[in-house]
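Report on the following structure.
Chain IDs A, B, C and D follow the sequence of writing; residue 1 opens each chain.
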Amino acid sequence: MRRTVCDLHAELVRYNLVAWTAGNVSGRIPGEDLFVIKPSGVSYDELTPENMVVCDLDGNLVEGEHSPSSDTAAHAYVYRNMPEVGGVVHTHSTYASAWAARGEAIPCVLTAMADEFGGEIPVGPFALIGDDSIGQGIVETLKGHRSKAVLMQNHGVFSIGTDARDAVKAAVMCEDVARTVHVARQLGEPLPIPQDDIDRLYDRYQNVYGQRSPR
Amino acid sequence: MRRTVCDLHAELVRYNLVAWTAGNVSGRIPGEDLFVIKPSGVSYDELTPENMVVCDLDGNLVEGEHSPSSDTAAHAYVYRNMPEVGGVVHTHSTYASAWAARGEAIPCVLTAMADEFGGEIPVGPFALIGDDSIGQGIVETLKGHRSKAVLMQNHGVFSIGTDARDAVKAAVMCEDVARTVHVARQLGEPLPIPQDDIDRLYDRYQNVYGQRSPR
Amino acid sequence: MRRTVCDLHAELVRYNLVAWTAGNVSGRIPGEDLFVIKPSGVSYDELTPENMVVCDLDGNLVEGEHSPSSDTAAHAYVYRNMPEVGGVVHTHSTYASAWAARGEAIPCVLTAMADEFGGEIPVGPFALIGDDSIGQGIVETLKGHRSKAVLMQNHGVFSIGTDARDAVKAAVMCEDVARTVHVARQLGEPLPIPQDDIDRLYDRYQNVYGQRSPR
Amino acid sequence: MRRTVCDLHAELVRYNLVAWTAGNVSGRIPGEDLFVIKPSGVSYDELTPENMVVCDLDGNLVEGEHSPSSDTAAHAYVYRNMPEVGGVVHTHSTYASAWAARGEAIPCVLTAMADEFGGEIPVGPFALIGDDSIGQGIVETLKGHRSKAVLMQNHGVFSIGTDARDAVKAAVMCEDVARTVHVARQLGEPLPIPQDDIDRLYDRYQNVYGQRSPR
């Protein structure tokens, strides 16, 4: 599990979702009230399975020599309040964060967005780090919503998934559609996709596609 | 053939045309009613000649341990209905998909576009995955058209070629001109190229240039 | 120290902050009135600890076979006039330089900007190379300012830090927020962050976060 | 010389100035009426000193197994008519080509542009491939001009230098300033730099800087 979470940080780097140390992945340890998360302030080049840290669902350090990521409280809040979530990712990826800076949801004008997010990617509240405000904002926005990603206002993106890899995929796809819809909007209005078609695409992707191919 | 199609996926990655697993290349097996295509949901790092799959022209799996790409039906429809086509590529590359989201053809304002596409890159219909709608939209748009690429509305790009490598080149060039024309349009109107000159450039590139240099 | 400064140039390349040889890092040698800086006109691939050069605080070459960077006078002026500074970085990174070309400060509309810069990133005067004008412009703008980076009008960015690595981090973060705020502004106005919240974020990041994780 | 010209193509790739095979470098062989140029249609990965080709100043193949680049006539025309030129580079780099598509010169609003180009980067005429039109357009625009680069309308960039490396540097810097000035203009008007200051910067860079550091 330490290795999986460690290695997934390389995907954040590969897809240019992070600058310096500003992004982190965590994964719930199956069957336990624990999760693995990135240590604070360690560069992506220096991450190893050994220096990843383990926390309980209150965000307390359980195992590891480094302090956990400064975003640990938000990850922990999500795991406490969304038992179906097995992975959480946080980034300040450029295009998604730009929508977040305007406090504007990304409209669903691409079939890939309908597949992965089932509609728009919503905006969460402005919240300060230091208590449970960010975690609450994530959970209030995503609970019962199809989207696996939320744009936290003036901040960045949190994405969730059934496991850490699934949450990383959501983070990658979120930036990808944030960029494409941004570029489309620069020269005019994208054409809307009818709600019925969004529903059909989402249903098919989550079921038919999912059954045939586990990841 | 498996090796060729496998290796060409690396070009999609190199030119940043794909995120996660969202893009695929196929190539017709010369002299047979079969084509090689990417397996579904396998990451580009894990592609090998061995895990590529072989399908017949109805899109049925003929050889391979994985399911074929979820876009196989569209590839198969193109091979069935355009016998001159030897390769098909599908991507959601950012700039081309942005034009597709607005349902707007890319105007031919670059000599490189006249060379490769012979004019504008056209828009195909909005079509849902699951039956032959996407394949029909591609064929109706590209049949008899000079362009080797079509922008499927709200979706992405399909490109064709005499073989898989030629179709990948069209996908790379499509994104390249989609980006350059987008950037040009951001600050004003690009100057048009007279139709006569577009015709001369296209004719020369397809004939003179082609004879001297086979690829 | 030569090795540290040499290796940090690779971060400028990695984050696409520099083209050709146009960017440089320097680091003060602790306890001495000297600093290590990039040699002039040497490409990033060819930098070694051995070809880095050492200058005194008037910018005179003290040790090394190459001429020091043509920006050495500006670095030296900063070290002479800001004793708390241990590292200086100069780049022409794209988005930051674009704000500089318009002579416009980057407004603080991202929490990551509040953390790292404590508010807006300010603009310094237009100044010609050749005397102390650039150094003076940097010091007048940054002295007593929270920001670790200044956008020199029509020119580029200078960033400072407690050491060379800290200044490189500021250069990386400056371009990152310059790009995100630019992208946000392209489609509307970003939402402001209240001054109180900026103050709280800055205070926490500089103190709490800093104590837990030294870099 | 073959090795030098071969290796310089890697810089075009590194700085993202080229897609597929659309860009080429040539270098005059000192003391002879010959130049080395890229073979036509060979990918950058496959370039070797051995497959580079040698042409005379009329563009005829003198040595090599491949056909010379389809842009050879333009390179040859420049060498015939500008004896001071030792290297020529052609690309369709995105931002420079976008200015070229609008037929708009890049205004000199960055000190790095004043240094390298001594003012604006000018636009050359629309010209078709196949005769000397492109070469004539380049020479008419650049002869007696400070700029080492010309934006050929609706086409791309040609840059010149004292040798091949110097021309590649001009191509890299041209795209870099084309992008930065584009980005600056997206959100307002860049501040002009007074002509006197442009002259001072250009003079210094070409003389003082040049003497201290030969490349």
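Simple rule for what comes next: a contact is a pair of C-beta atoms (placed from the backbone, for glycine too) under 8 Å apart; a residue touches a chain by one contact, two chains touch by 3 or more.
The structure displayed is predicted, hence computed values, not measured ones.
Between chain B and chain C, the least number of touch steps comes to 2. Bringing chain C onto chain D by least-squares fit of CA atoms involves turning it by 90°, to the nearest 5. Taking shared numbers over all numbers used, the chain B to chain D interface scores under half, which places it in the different class. Rounded to whole angstrom, the centroid-to-centroid distance between chain A and chain B, based on C-alpha atoms, equals 31 Å.
One inter-chain figure worth recording: chain A and chain D are separated by 43 Å, centre to centre, where each centre is the mean of the chain's CA atoms. In chain D, 186 are the positions where the chain touches two or more neighbouring chains simultaneously.
Contacts between chains, counted with the stated touch criterion, involve the pairs A-B, A-C, B-D, C-D.
Those residues of chain A lying in contact with chain C across their complex are 19-20, 22, 40-41, 66-67, 70, 92, 94-95, 97-99, 101-104, 126, 128-130, 153-156, 182, 185-186. For chain A in complex with chain B, the touching residues are 15, 109-112, 169, 172-173, 176, 179-181, 183-184, 186-191, 193, 197, 200-201, 204, 209, 212-215.
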